[in-house]
Amino acid sequence: MYQGKVVFNIKEADNIYLLGIEAPKKILKSFKPGQFLKIKIDKRFDPLIPRPFSIHAIDENILYILYQVVGKGTKALSEIKKGEIIEFLGPLGKPFPKIKNYIICAGGIGIAGFGFLLQKSVNKKDFYPPEKIFYGAKTKNELVRLPFLKKFGIPIKLSTDDGSKGYKGLITDMVEKELKKNPQIILACGPQPMLKKIAELGEKYKVKTYLVMETFLACGIGFCMGCVIPSKKGNYLHLCIDGPTFLAEEIDLGFLS
Amino acid sequence: MDFSVNLGLLKLKTPLMLASGTWGLGENLDKFFSLKEIRENIGALVTKGISINPRKGNPPPRLFETPCGLINFIGVENPGIKEFKKSFLPKIKKFGIPVIVNLYGEKIEEFLELAKDLKKEKVAGLELNISCPNVEKGGIYFSYDPKIVSELVRKVRKVWERFLAVKLSPVGPVYEIAEICEKSGADAIVVANTYPALAVISLKPFKILQGGLSGPAIKPLTLRLVYEISKKIKIPVIGCGGIISGKDALEYLLSGAKAFQIGTTNLIDPRSAIKIMRELKEFKNGLCDKSDTC
Amino acid sequence: MDFSVNLGLLKLKTPLMLASGTWGLGENLDKFFSLKEIRENIGALVTKGISINPRKGNPPPRLFETPCGLINFIGVENPGIKEFKKSFLPKIKKFGIPVIVNLYGEKIEEFLELAKDLKKEKVAGLELNISCPNVEKGGIYFSYDPKIVSELVRKVRKVWERFLAVKLSPVGPVYEIAEICEKSGADAIVVANTYPALAVISLKPFKILQGGLSGPAIKPLTLRLVYEISKKIKIPVIGCGGIISGKDALEYLLSGAKAFQIGTTNLIDPRSAIKIMRELKEFKNGLCDKSDTC
Amino acid sequence: MYQGKVVFNIKEADNIYLLGIEAPKKILKSFKPGQFLKIKIDKRFDPLIPRPFSIHAIDENILYILYQVVGKGTKALSEIKKGEIIEFLGPLGKPFPKIKNYIICAGGIGIAGFGFLLQKSVNKKDFYPPEKIFYGAKTKNELVRLPFLKKFGIPIKLSTDDGSKGYKGLITDMVEKELKKNPQIILACGPQPMLKKIAELGEKYKVKTYLVMETFLACGIGFCMGCVIPSKKGNYLHLCIDGPTFLAEEIDLGFLS
């Protein structure tokens, strides 16, 4: 594992934090959009297993993680103070596919990993920018990092469940409207019901659909076989090696609750 | 400091072994260690459980974290013996450390077939996983049935002349099984596999995960088994359960283990072996400083 | 919300019981709770193990903390049945909740004598601790010997007409013992006592502590036992192991336990019972909100 | 348990910290010198059991704890930041005995509990001040809180193992010199070898000797019977009920390592 120094760990919204980790540029250079790292919170045994997070952005020698507090690991992470050292391992998993003419659909904290994609697609070399970003959350307050996202000049469509900002309703409604007009490749990350819906839309509008999936991970490097996603063929894919981004048509989404 | 250990038919450069299922099939050792590090720190590599046919393993979820522990329900996902020999063994042989193949069978015949199949291969030893259901006996675990274990070990012993270890389950008639393994010709026993455990993963709808518990939570339980069993038998006991630090490893060695395996800690940090061996050396040095008797 | 539970001969106002040995003899309940709190939250109080003669217990150290767990080696320190009846029982009776006396004996005769001695007292029930050495059988634990347990339960049943529970050890032939308790006339079984464990308390000189492991570390293990055992028997199973929160308690109830006991958590915070019952109510409310079926 | 807010947690010397906890005066008023409290570090399960600490001082609504980092509990405690909430239970155990004409002997962090005694003995009502304080540590750097201790105007004799401050050698040597001249009651707290030596001196000079003992505690309130100290009579005393201060003559010190 590498050691990184926490340079900030600030609340962005209810239960959402932005963590900055200082680490050698050499290490950070190896990270590609779509990949993730795992963070060992501290030396105590509770929580025991490092938790996986996407890379939200990289600036010089600072790695940004955007995360939501959902359980004891993220709770403990949110209590870490500036100056403390944390251990991490990465890059893990596969980068996003190299696609053109696509839209992004993000639900809630699912936005986290796309910041880095935007950063890296500015020069249109290894990655291409999306045509549009669809970003939904429960309320206005949970739509985070908008100034950062907006600075890439890509149209962002917002929705909230309560209508406190943007379209009132599900982000997938907006995506469907877009696909009707203009069928395009979709790259989506968010809660399970959203992913299911996106997969359906992908099928309906016959567009290639990529889903960024989640499971509980242990090793993150293919040792434990713990992170399986059932495939349509009947075998299992491993999120930490074959993912986290999968072609929707290859996955048996029935296992999602 | 000389850390080499003699396990009868097997000599290890260090007492540290990588436990089954926590380094995959070992083919990626050199991704996380230099060759020098591998040879100086890792006494032996135990592969993931290997069965005759490929096994795709259990449906998700396969993992759940509990207080200071991890439940796994992998279901021995592995490519099968043929693919293992073809695509993995050539790679892991090159690391220059003893390779011990962990065998998974659901009938005595399966274990025998696997053992025979490996006779011509350059593997240092076998580890029999007896925490498997015995389909010939209605699915009751091998480890609950001393007679079956005796038959299993004797039969494998007949066809396998190199190092042969049996990996015990920590539940069931453990002491009896340990003694029977010794009598039946095993060279060593590994104490122990994971503990049968249950986690509630959803309250509503009520969903559970049953699997094996590993990690620091179980250390006090397995340490006791190692202590008690190593008083009862003469063949080496290899301790395995919850080792995270060099101090943990030393506790096992002082409690009667001749060598030890590390499992869950590899999942936390793939370079755990290096850290543990470094700490073990420091601890041993510290202890030796104060007297001559160590 | 009505939390009352029916354990056959015993009705409890809530499913929460204070586990043996973690509230002393219970005489100080009113130091940490109001009478109202006691009656509304604590279904029953189980006393520390009581033996015929006073026991001074084991030499120090008696405690050791392990990852997410606690090893204890108390040795059933208690004032003996006579002193218990004289100085403690009058006090704890006044709290107005059922008192269950945990009996510790090393011979069947001792359990019988204790049971008879309590017949005239106002105690709601007995809990037989079978994780004790049987001196008539060379010190092997009662809990390893289904025949002896059967004899023990039958004999106590003959002299004791009120609620009778047997507290199982989590090691040994657990399922067999559970079934035999049911057949022999027990009203309920408590699953389970602590797990035999070992800690190294000093590397040099090498010193160990052997005792029973409790706390969150063991929750996944005991939860599994409760789940499996409650499928096998009809009498109520009372879950006990590692409960710290209302969610833990609910997991036990959903896994098949009719009631639950809290132990180690009392040592962390004597007011745990209040916190756990409050959380349990909140959780149940939360679950019920979403459907009518609870 | 009560909740208290950490108002400071500062390093005093290598591995020694001073913790300030804000708590209602009503609660703090119930604490007497010699008593202790137990602190639950946080909601995580590692460490699981609250750790016991003496009261070093009380100022208005602030409770002071002076502690040394020795293991995972104290390590975790030292990482708690200003503003965080911790839970504690107390007062626990018996106060110091009400004695007059006595000396204090403190070894290392054993000094912690005597600050509160000095505070409370200023008015000579419930507690009396000692004649002298003997305070030893390994090095000058580990002799802490001297300005605070000195302000009570009681003679303080210092020793360090390395002679970096005060007498070079064991503090018990200085105590013995004092007893030779002037046999007095002793109240001692410190490492086990020091306590053993003090008990011997008490016997040799025929003075009443009180030792503040330590064991690992679980409940701290007499529930678990885990905290025993063997008595000379052959039974066991319970540190959290009968102690932590014991008459040396009543204890079988053979169990100390």
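Each chain carries a letter (A, B, C and D) given by its place in the written order, and its residues are counted from 1.
In this text, a contact is a pair of C-beta atoms (placed from the backbone, for glycine too) under 8 Å apart; a residue touches a chain by one contact, two chains touch by 3 or more.
These figures come from a predicted structure and were not determined experimentally.
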Selected interface, C-D versus A-C, where C-beta contact pairs are more numerous: C-D
Subunit A and subunit C: spacing of chain centres that average the CA atoms, whole Å: 47
Whole-Å gap between the CA centroids of subunit A and subunit B: 36
Of all residues in subunit C, the ones touching two or more other chains: 67-69, 215-216
Touching two or more other chains - residues of subunit A: 45-47
Arrangement of touching chains [line / ring / star / complete / other]: complete
Residues of subunit D that touch subunit A when the two form their complex: 44-47, 72, 76, 79, 81, 84
Contact footprint of subunit A on subunit C as seen in their complex: 67-68
Residue ranges of subunit A in contact with subunit C within the complex: 45-46
Contacting residues of subunit B [partner subunit A, same complex]: 21-24, 28, 48, 56-57, 59-65, 67-70, 72, 74, 77, 202, 215-216, 244, 264, 266-271
Subunit A - residues contacting subunit B, complex: 1, 40, 45-50, 87, 89, 215-219, 221-230, 234-236, 255, 257
